[in-house]
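Each structure below appears as structure tokens.
You will see chain A twice below: alongside chain B first, and alongside chain C after that.
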Partner chain A sequence: MATLQSFRLLGTSLLLGFLAGAPVCAADLVVIVSARSPVAALRADQVAAIFLGQSVRFPDGTEAVPFDLRLGVPMRDEFYARVTNKTPALLKAHWSKMVFTGRGQPPAELPDSAAVRRKVADDPEAIGYIERSALDGSVRAVLVVQ
Partner chain B sequence: MTSPSERRRPRWLGRALETYFALPLFAVLPLLAIWVATFHFIETERRAAVDAAHDAVREQLDTYEAQVARNLNAIDQTLKVIKYSVELNGTHAALPTLRAEELLPPGLVFQVSVADRDGAIVDSNPAMPPLDVSRTPYFTVHANGTGHGVFVSQTVGDTARSEPHLHFTRRIEDGYGRFAGVAIVEVDPAYFTSSYERSRAGELGLLALVGSDGVARAMRIGDRMSWGQPIALDGIQEEALAPHPTAPDGIERYAGARRLSGFPLTAVVGLADSEQMAQYEQHYGTYLVGATAASSLLVAVVAMISAWSWQVAKARRRERQAQQTYAAASEASPDAFFVLRSVTGADGAIVDFLVEGSNSRAELFTGIANEALRGQLLGDALPYYRTNGMWEHLVQVVLEQRVIEAEWQATSGPTAGRWLQRQIVPVDGGAVAMVRDITERKLAEDRIRHMAHHDELTGLPNRSLIRDRLDQAVRNAQRNGGHLALAFVDLDGFKLVNDGLGHNAGDELLKVVGCRMQACLRRTDTLGRLGGDEFVILLPDAGESPLALTPVLEKIRQAVTEPVQIGDQAVRVSCSMGVVVYPRDGDDPKTLMMNADAAMYRAKDLGSNNFQFYTREMNASVEEKLVLLEDMRRALDATLADDACEATDGAAPAAPAPAGRFYLLYQPKVDLRTGRLFGVEALIRWRHPDHGIVPPMRFIGLAEESGLIVGLGEWVVRTACRQAQLWRAAGLDPLTVSVNVSARQFEEKRLVERIAGALRDSGLPPCALDLEVTESLLMRDLNQAIERMRELKEMGVTLSIDDFGTGYSSLSALKSFPISTLKIDKSFVRDLASSSDDQAIALAVISLGHRMHLRVIAEGVETVEQRDFLLANDCDEMQGYLFSPPVPAERITEMLQAQQRQPRDVTPLGALAVS
Partner chain C sequence: MQQQRLVHFLLLSLSGLALTGAARAQDKPDWRISGFGTLGVVHASEHEADYTSSVFKYNGAGATRRWSTDVDTRLGVQLDATLARHWSAVLQVVSEQGLDNTYRPRVEWANIKYQATPELALRVGRIALPIFLTADYRKVGYAYPWVRPPVEGYNVMPVTSSDGIDATLRWGVGPVRNASQVFYGHSAVNLFDALRVYGRRGIGISNTSDWGALSVRANVLSAEISSNIGAELFRAFDAFGPIGQDLTRRYEIDHKRMMLANIGVNYDPGSWFVMAEAGHTVSHSFLGSTRSAYVSAGWRWQAFTPYATYARVRAAGATTDPGLPVAALPPALAPTAAALNGGLNYLLWTIPQQTSQAVGVRWDLRTNMALKVQYDRVTPQEGSRGTFINPTPRFVPGHPVHVASVALDFVY
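Moving on to the complex of A and B:
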């Protein structure tokens, strides 16, 4: 448990480090929640669970409503590739099963990062992903996608 | 011992009930049970697996059907919504409106599109480039038909996307009910089989959506997606008990199909037999393995137990055999067996013995039956075992673990008086005592010992026992300072009886004489037989003076001379006894015996039938005798050598012999009437250089004892013959020469030969030779004597009886002797002048002789009176000092010559006699 804590600490510090001021890549993605959301930080696997419909809540119990970018947007594919380690085909298969068996629906799609940001900012339950450069004060980054 | 019930049971049954036989038989049951149970479980499990498969198929079919139904309904719903939206908002605004309302299905999965009446896709979500679908069945069916149902297309690719899709379409109508287009929902066929879960359907499970045309819209087997195959739906029955091969791969599956209501579709679920039964198969394998293991274990255990039991049975059989062998051996054994277990008291010391077993001979010894004896304490059953030493020995054997043997004479019980031998051997926890009756052996031992020490014929102690007793007596006398006497007794005349009446008679005589002598002795005296006719008497505690012994010795002597009745004859013998006294006549047994022997010989010499006490001189005479004998031998050798020399050289030898020499003297025999010398008696003399002339009385007896007489006698005969022949050859008056022949010579086989030889060699006519034999000699061995005498008579030799009247002879025997002359013994002649008895005897002999046509000659005539008497009474011849003593041959020659000068008819007797 101690190692987990230290890992978390490491992760957070790294995240902060990253956020603090190392020169950033433009393709950097961040997972955001509303600034009003109590969620402070999320692990990649937690984010993946939410976005794959396996979990409908944040770790603290509040409802989570994921928002995707539109199908075919490269940032979307990259996000899923990095966070869930799934190709689009795999994602399709996954969601086919989820929809077929009635276990869930894919996240709603939004046109671009700005829309996502707007949506997330408005909804404390929303969670989405944008490029880092699109960050602003209305949303909080809870994960930097590696 | 087998009990009666066991004996009744037939042997095969007995063998059968042996564990090693019965157990395997019985073990077959559990073995069967194991396998029956196993197969039962297997069958149960199989059926359960089959049922489970059926259930799984049913359940999954239910689920799949529901899922498909729901999805189909949702798709239909979407189609209806799209249609409504188109009708409401027109073809271009239909989808965006729906999108805004979030009424569109997720674009990730579904492609919704609207086609106008011309078949051109006017809108789609997700966006798609424009496409012409006017030729597609899913368009044409609506365009050309009027159906208001959902069309489900086959899974085909189209120009927009190469991958095949399923198209669900509905007809859109305008306000006037005219065909206005088609609402399309496209979906990957994989969508309809996306609920396939490996955990429920395995690798070979089948999930398929089949159209009512029999063509599969979507099929998934494991991970492989396929579509478009024809599927025979009627073959698939939900409740089919057995799996059947399902297309397209032909794998046997439990399968079920459900027609979906409202749609021309059937949901198909199949579960591979192999996978459903996999666990069963595994369990089947496991069960079999388990059953095999259990069986093997059972078989192994049973085998081990059987083997062990068989070994035990074998051992038991062997033990039984050993017991039988033991029982047989112990029953047959001449020994009594007692198997005893030691019983210890509170302090651990042995207090008694428990009889565990005994054999039949033990019954005889103890008088108690085996069954009664078994289990009893030895102290209770045979209390005397504590007193006869057995108890101590038993304890010793058990404590010291060694074997003890002992002999004893029983004093109580059935074996009282018998000699017994016991051998006690230690065994585990006790001992085994073996008792043997050795009475016979003891008796035999005693007999042998007796035989070793006693003479068989008479039962008297033999030489070795006598010797022992003598040693003992000498020791006692030494210790106590007492005296003992030893007497050697030799029977006289025994040989006569033995030869005359047979050996049986001789044995009988010995026994009787022995008894008589024994009767004269005290209990402490010992009479023994040394052998032959020699006895010995040991008188311990004799007085010092020999005179004290005289009465008993005289008694013995008299007892011996009493006549003995042998069969129908009465025989008489006498004894010569030599007596010694310890310590006077010797201080050790050997010396005593030697001196007793010497004394006995002296007694014999003195004429037998007397006893002589030992004197020192007697020994001397024995030694002397031996020396004399030796001298005699040498003298004879010298004499013979001289004769041989004379014969070859013709001259007398020069050197005198050291032992002297024998020579002959001749005593003239004169015819009483004519006074003429008609014969001579040859008499042997011995001139010893040291002792001078040795009288014949001394050496003749010795010669006869030693057998030297044979050689000596032959020399005498030869010399006499030669001499007589010399006289004849000289032309002198022919003389007969008489030679004394002793009994010993007569007994010699070749006597006749020797005499014949002497006559032959000398050339003397046989009628010139006369043999004088003593009366007593003849009586010793009548038959042989008569035979030899006859042979000699036939040769021409004459025979005379010497010393007639002094010996023991029967007149009837006399007439059977071929004799020619009787010689009256000198003892009768001596007192002729004074004794009328002697006169009578002489007269009788003369008369007897004449009547028997024998010549009678008187010996030892020394006085004229004697001669006159004899002449007056018709005696024929005389011999004696009156005429001439024995003289050398030369003197005879002179006499003969003088006689020749004298006229025949007148012979003054005195003229010839030369003193």
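Moving on to the complex of A and C:
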């Protein structure tokens, strides 16, 4: 009886662990700001507004300058799919509206997580996204994208 | 001529600002070229009039030729320049068929922007009129799901830009992000021969509110319009004394305050969308007053977006006028009066009354290219030629016209 219960418990915890852990481990993205930035945490909609050019400031009022990964990098597509619900085509349509109405230009692009981390670490106004494994003390994770 | 002067002014200002900008080491001037375009072909079943996307087109599909590539085909090139930390400029040139039947490029945008604060931007120059949900990118096919914005609403206001100033303020209330814009400007449109339309002292307010997947845009525009369209007809009416002069006052586009109000809603959570828009125009002239609306919905499945649209436009007043009382006039004047009445009613006949249903599919071929196929069932209503142009004397409204379109949209 006790064996069965502990077996069940084990099964449940395995299942829970799988449900909770698997998506995070598979592609763990973090949104980062400089360690010198006062921003502690952001919601997904706040990050989306900054990356879509709808908001030019962090919630505390300091200016926000987003940095993107290059077009075609899978992590970029994943970031936009999860944070803004936009496919690469929808994102392109969004920026076509912004650019051809003079309302803004898309974020500057960098080649990889290391370049984004370097850029963000140096600039308290910068915001970017990298793999969780690329985190270090120079930057602060303000949102874990799941 | 005016365009040349505008370009000249802009280039001079650009070079001037570029020099000041370059003086600051960290703010090097930065240039970007981008563009958009559409290759389209349209077939219409109507034999007695042309279906087209704007009244500012020379012809379309139908009476002139069964298949037309002039309805949607266009190419736009945009030059964006960052001049200094808060200064930027944009020049957009668009080539598409105009009323002169050429693809002569026209300056659609030419303005300088000063970003006073991250929230407040001021612009001077030629600016797109923010009068519809998709107004300022209505020429960028790639940016919307359809082959073209519903003509029933958008044809009511074919003027797309004006020369003047505007201010845009971005502000937020909780999760709602707003962009409020006010503008003031003039516009002059050369039609054909010596015909012109002027919009003076145009003033407008536009507000866009985004809340997650929901976007709501409301616009109001008022301008004093004048035109020499029908000038000879109205001078002839004037010769008939007070009754004729009264008709001229009512219908001639002579310093008339035109008003346009519009509200649009877009809900787009990603896998599907719904858009709806309603507008009202008042012109105090033979352009009439109209009410228009459309609703469109689509669903995104992989690279395909099937969609359906219902649109309508109705005159908010009469589209005919008895004109001069022919029977009460001396017999010698009666034929002239009858001809003038005919001329007036021909003008009033251009006030659009039309209903259309459309289905189509957008196929995103690549991240900067989309192919669209669309079928429109367009029915001009009684007493109007709808949005059709070049009607022959045999054109009869009231029956559906079948329109098939294929368009390839791209941005670069």
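Definition applied: the second predicted complex is superposed on the first by the 121 of 146 C-alpha atoms of A that agree within 3 Å, B and C clash if a C-alpha of one lies under 4 Å from a C-alpha of the other, contacts with A are read in each partner's own complex, and residues count from 1 in each chain.
We adopt the following convention: contacts are C-beta pairs under 8 Å (C-beta built on N, C-alpha and C of every residue); 3 or more make two chains touch, one makes a residue touch a chain.
Treat the numbers as computed from the prediction; the structure is a model and nothing was measured.
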item	value
Joint occupancy of chain A by chain B and chain C, clash or fit	clash
Partner chain in contact with A:45 - chain B first, chain C second, else both or neither	second
Partner chain in contact with A:101 - chain B first, chain C second, else both or neither	both
Which of chain B and chain C A:71 touches, first, second, both or neither	both
Chain B versus chain C as contact partner of A:133, first or second or both or neither	neither
Dominant contact partner of chain A by residue count, chain C or chain B	C
Touching partner for A:57 - first (chain B), second (chain C), both, neither	second
Which of chain B and chain C A:146 touches, first, second, both or neither	neither
Partner chain(s) touched by A:109 [first = chain B, second = chain C, both, neither]	first
Chain B versus chain C as contact partner of A:92, first or second or both or neither	both
Chain B and chain C footprints on chain A, overlapping residues	71, 92-93, 96-97, 99-102, 105
Residues of chain A touching chain B in the complex	70-72, 91-93, 95-97, 99-102, 105-106, 108-109
Touching residues (chain side chain A, partner chain C) in the complex	45, 49, 54-57, 63, 71, 85-90, 92-93, 96-97, 99-103, 105
Complex contact set, residues of chain B against chain A	67, 70-71, 102, 105-109, 126, 188, 190-192, 194-195
Touching residues on chain C, where the partner in the complex is chain A	32, 34, 36, 76, 78, 80, 90, 92, 109, 111, 113, 118-119, 123, 127-128, 136-137, 139-140, 142-144, 168, 170, 172, 175, 177, 179, 210, 212-213, 269-271, 300, 303, 364, 367-368, 370, 411
